[in-house]
Amino acid sequence: MLDDDIDTESNPPLRVGVLGARGRMGIEVCKAVNAAEDMELVAMVDAGDWLFNVSDAGAEVVIDFTRPDVVMDNLHWCIDQGIHSVVGTSGFTPDRLEQLNTWLAPKPDLGVVIAPNFGIGAVLMMRFAQQAAKYFDSVEVIERHHPNKVDAPSGTAVRTAELIADARATAGMGAAPDATSQSLAGARGAEVEGVRVHSIRSAGSIAHQEVLFGATGETLVLKHDSTDRASFMPGVLLAARRVSDLPGLTFGIDTLLD
Amino acid sequence: MLDDDIDTESNPPLRVGVLGARGRMGIEVCKAVNAAEDMELVAMVDAGDWLFNVSDAGAEVVIDFTRPDVVMDNLHWCIDQGIHSVVGTSGFTPDRLEQLNTWLAPKPDLGVVIAPNFGIGAVLMMRFAQQAAKYFDSVEVIERHHPNKVDAPSGTAVRTAELIADARATAGMGAAPDATSQSLAGARGAEVEGVRVHSIRSAGSIAHQEVLFGATGETLVLKHDSTDRASFMPGVLLAARRVSDLPGLTFGIDTLLD
Amino acid sequence: MLDDDIDTESNPPLRVGVLGARGRMGIEVCKAVNAAEDMELVAMVDAGDWLFNVSDAGAEVVIDFTRPDVVMDNLHWCIDQGIHSVVGTSGFTPDRLEQLNTWLAPKPDLGVVIAPNFGIGAVLMMRFAQQAAKYFDSVEVIERHHPNKVDAPSGTAVRTAELIADARATAGMGAAPDATSQSLAGARGAEVEGVRVHSIRSAGSIAHQEVLFGATGETLVLKHDSTDRASFMPGVLLAARRVSDLPGLTFGIDTLLD
Amino acid sequence: MLDDDIDTESNPPLRVGVLGARGRMGIEVCKAVNAAEDMELVAMVDAGDWLFNVSDAGAEVVIDFTRPDVVMDNLHWCIDQGIHSVVGTSGFTPDRLEQLNTWLAPKPDLGVVIAPNFGIGAVLMMRFAQQAAKYFDSVEVIERHHPNKVDAPSGTAVRTAELIADARATAGMGAAPDATSQSLAGARGAEVEGVRVHSIRSAGSIAHQEVLFGATGETLVLKHDSTDRASFMPGVLLAARRVSDLPGLTFGIDTLLD
């Protein structure tokens, strides 16, 4: 659907190289690039392969789903080569982002998009949560994942709670009403900057999140269900298409939507 | 709907007295008895009124929504008078139930039905949760109430978790799978006999509960929303109709359904 | 919560008159105005009362929840008197709106806000639905109401579907994918400008709506539950506070948010 | 979890053969049988293979996920050989079931279990729906599937509606309350024996169903989500374990639960 406004006749396809091409996400990315009419997959590189395959193949954009220990080297190389990059690898600390800005400074036309979550639905859920926050007295976040997940709450839930907390603070709102005086430990969830977050772990679940807003007489729920990592591909492709128009470092894909 | 199988032509209406008739629940009960074609409201008694109004009026059944400090006296009197009773007042300890059994012993035809929750939907939710428990590896309880509630989790959630825990133990099941190793305090909820329970408090909510069961590739959710205390009346009326056929003490209305 | 940024010390309270003050909504409005620290309820008028009570009391803003057959006369009078108005009465045709514009033309400082739905949650749901529409291949609207409702789908559901259809058309999107070839009549719902809408009618329900968006591997649901007409009051008060800064005719409260 | 009460020490494993072993479901079945400690996968047969591989390998139970055009021959052969069978293949007409009964008549110890849906969650949802039906004035079924599904409503939704309709009829209940007088065609869904059924088709969905019950002041929702065909395996294995104790023809796995 995001392809609909692409005029494939007049533009040559975007030349894309994939780093981490044999990983679980990399395989999905390769499939998605192949299926996109306005893109051409010109290089697939994984551990042990030469990065120069990417430049030799004339890649304009690199998509990197590798590992935290190699991603900085990959990006340094891409910036040197003048290749835009779209990055889903995790592990970006403020120090790393600053380092990237230093590398990018002499290349004013080059773009790097790094996102912790390329799922457009998840990004919209967070955006809407931020927008709704100031209109509701109460808000809680409930996330549900498969039982093999090691961290609770999920990173997306924590990020959502932080965005909501900021929006409430900006609007001068205090704590949500809560008369609880007798409570079993943990019943009211974890507190992230004053926002309650509940983590459910269940067989048969994949990755799900609800943000529940409440005011007198009404509730508004934003609910996202992710059932397949294919759901991240539209966001990855969108970033690949837009990165050349976004010089410098862009964190998160929220600004790419609209 | 529960009235449908009542043959109102051949039976005289059931004569009902209400104790606590001016309380919030009592008012609802009086309205419901009045509206039932097979019942007659013959006495409305509250603090300061004579209990003998009830027997003078020929009540066959008393419905008691009073307070823990007076309910035992009320029941003692009803049993003495040979009047069946249906009780929604809280505060019944094992000692109190034993006391009632002692009082009931010499009256083999008399019935007392005491229930912490007369909502048929809530009772069915608990019953189904018990039945489903042994078929799913994972189960968690999520309850949501208005922010003025003082206890967390709700009594119904605790009871539901206990019933599920019993059913799992009977089936020889161990703990639900959960790989969580890094957790913010409270994120994974409270533990009630090994079952995780999450309590949400939100403006705009009334009384809501979900039981989420999960197994590989599927989830089953039982969800109950109570939006008006009128929802308890079908259960109260059902108990009033059946109590004369249930000699002795009956706790909960589960056995009255079906 | 919306009161938080009001500096009640330095401003005199807003003088508000209510038309239709004895109707179901009017009673709620009077209560809400009374409870707002930055407002004073100066006149309550209903059928049979003099409108001049409102001007005599020095009302700056009138809130009108009356009936389609009298609302135009009320508004004509308010405009003549130079009183801003906030209107929740239904029945505004394009002709009526044009008439209002004519009446307002010579009064460039006067504001009239008319809204079919003052629920902030419902308005946000519609706004978010519009924003999300272009990112998802599939979308359906499911609304659920009490069984006494005479129309299906609800006005809000139809409006939501229209907004979504517009957003999809603007983005150049075609129909949602649907391989249905054997169908029982009605199973796939009603079609509103190509968007499927399903209407559920159920005892125990009040006013509920879900917008379900789907793309490969993910769904995003926007869900609004309205359980009390008190939920409309924050929107009504917001409009009353802002109407003097909104000269001319404003339809819907969407533009008042943010 | 269903394995927990199996005493694997004292019993030799159940010898299982799979027909249709290279089909999508057959592959899952083989994996599940392999993973079950109390079973041994002794034969995998698909089109072109000899059925006698199954008997030569000493299979006690056959699991058949083949095609309607071959399943009757397969079953005839299994019955001749004295092998129990568990069948997930579709296409069983009343005529076919009668034929099977004829074949089974001379073999009083032999069992055949045929089920249109081996999902335990789906079966429990249907069972609970039947049990709850008589307690609620209102009921509607909402099913949601991927957009490639050709029929609407789903077979499970139709079956659920029929079971509910039967339960309501038995309880002497009339139609659910519904004041709808102005309706867009299809808005109120399809009618299956008087029960409204709504079919949603959406990208990102797999197989989902909700049964919504409503009475004054409360709703009870039974919700089933199936996200992977692995969810059918516990039901298939359960049937394989029990079929030798169920002589004759058993349709559906409902009677195997509990």
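A, B, C and D label the chains in the order they appear, each numbered from 1.
Everything below uses one rule, namely that a residue touches a chain if its C-beta (ideal position, glycine included) is under 8 Å from a C-beta of that chain, and two chains touch if they have at least 3 such contacts.
Quantities reported herein were computed from a predicted structural model and do not represent experimental measurements.
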- Count the C-beta pairs in contact for A-C and for B-C, then report the pair with the higher count. A-C
- Query: Which chain maximises the distance between its CA centroid and that of chain D?
  - Reply: C
- Query: Distance-wise, how many Å sit between the C-alpha centres of chain B and chain C, to the nearest whole number?
  - Reply: 39
- Computed distance of Cα centres, chain B from chain A, in Å: 47
- Centroid spacing, where centroids are CA-atom means, of chain A and chain C in whole angstrom: 34
- Message: At least two partner chains per residue is the criterion; list those residues in chain A.
- Response: 136-137, 204, 213, 215-219, 225, 227, 231
- Query: If each chain is a dot and touching chains are joined, what shape do you get: line, ring, star, complete or other?
  - Reply: complete
- Query: Contact residues on chain D for chain B in the complex?
  - Reply: 1-2, 4-5, 119-122, 124-125, 128, 131-132, 134-137, 171-173, 213, 215-234, 257-258
- Note on the structure: The chain A residues in contact with chain B across the complex are 136-140, 142, 144, 147-153, 176-192, 196-205, 212-219
- Contact footprint of chain D on chain A as seen in their complex: 204, 206, 225, 227, 231
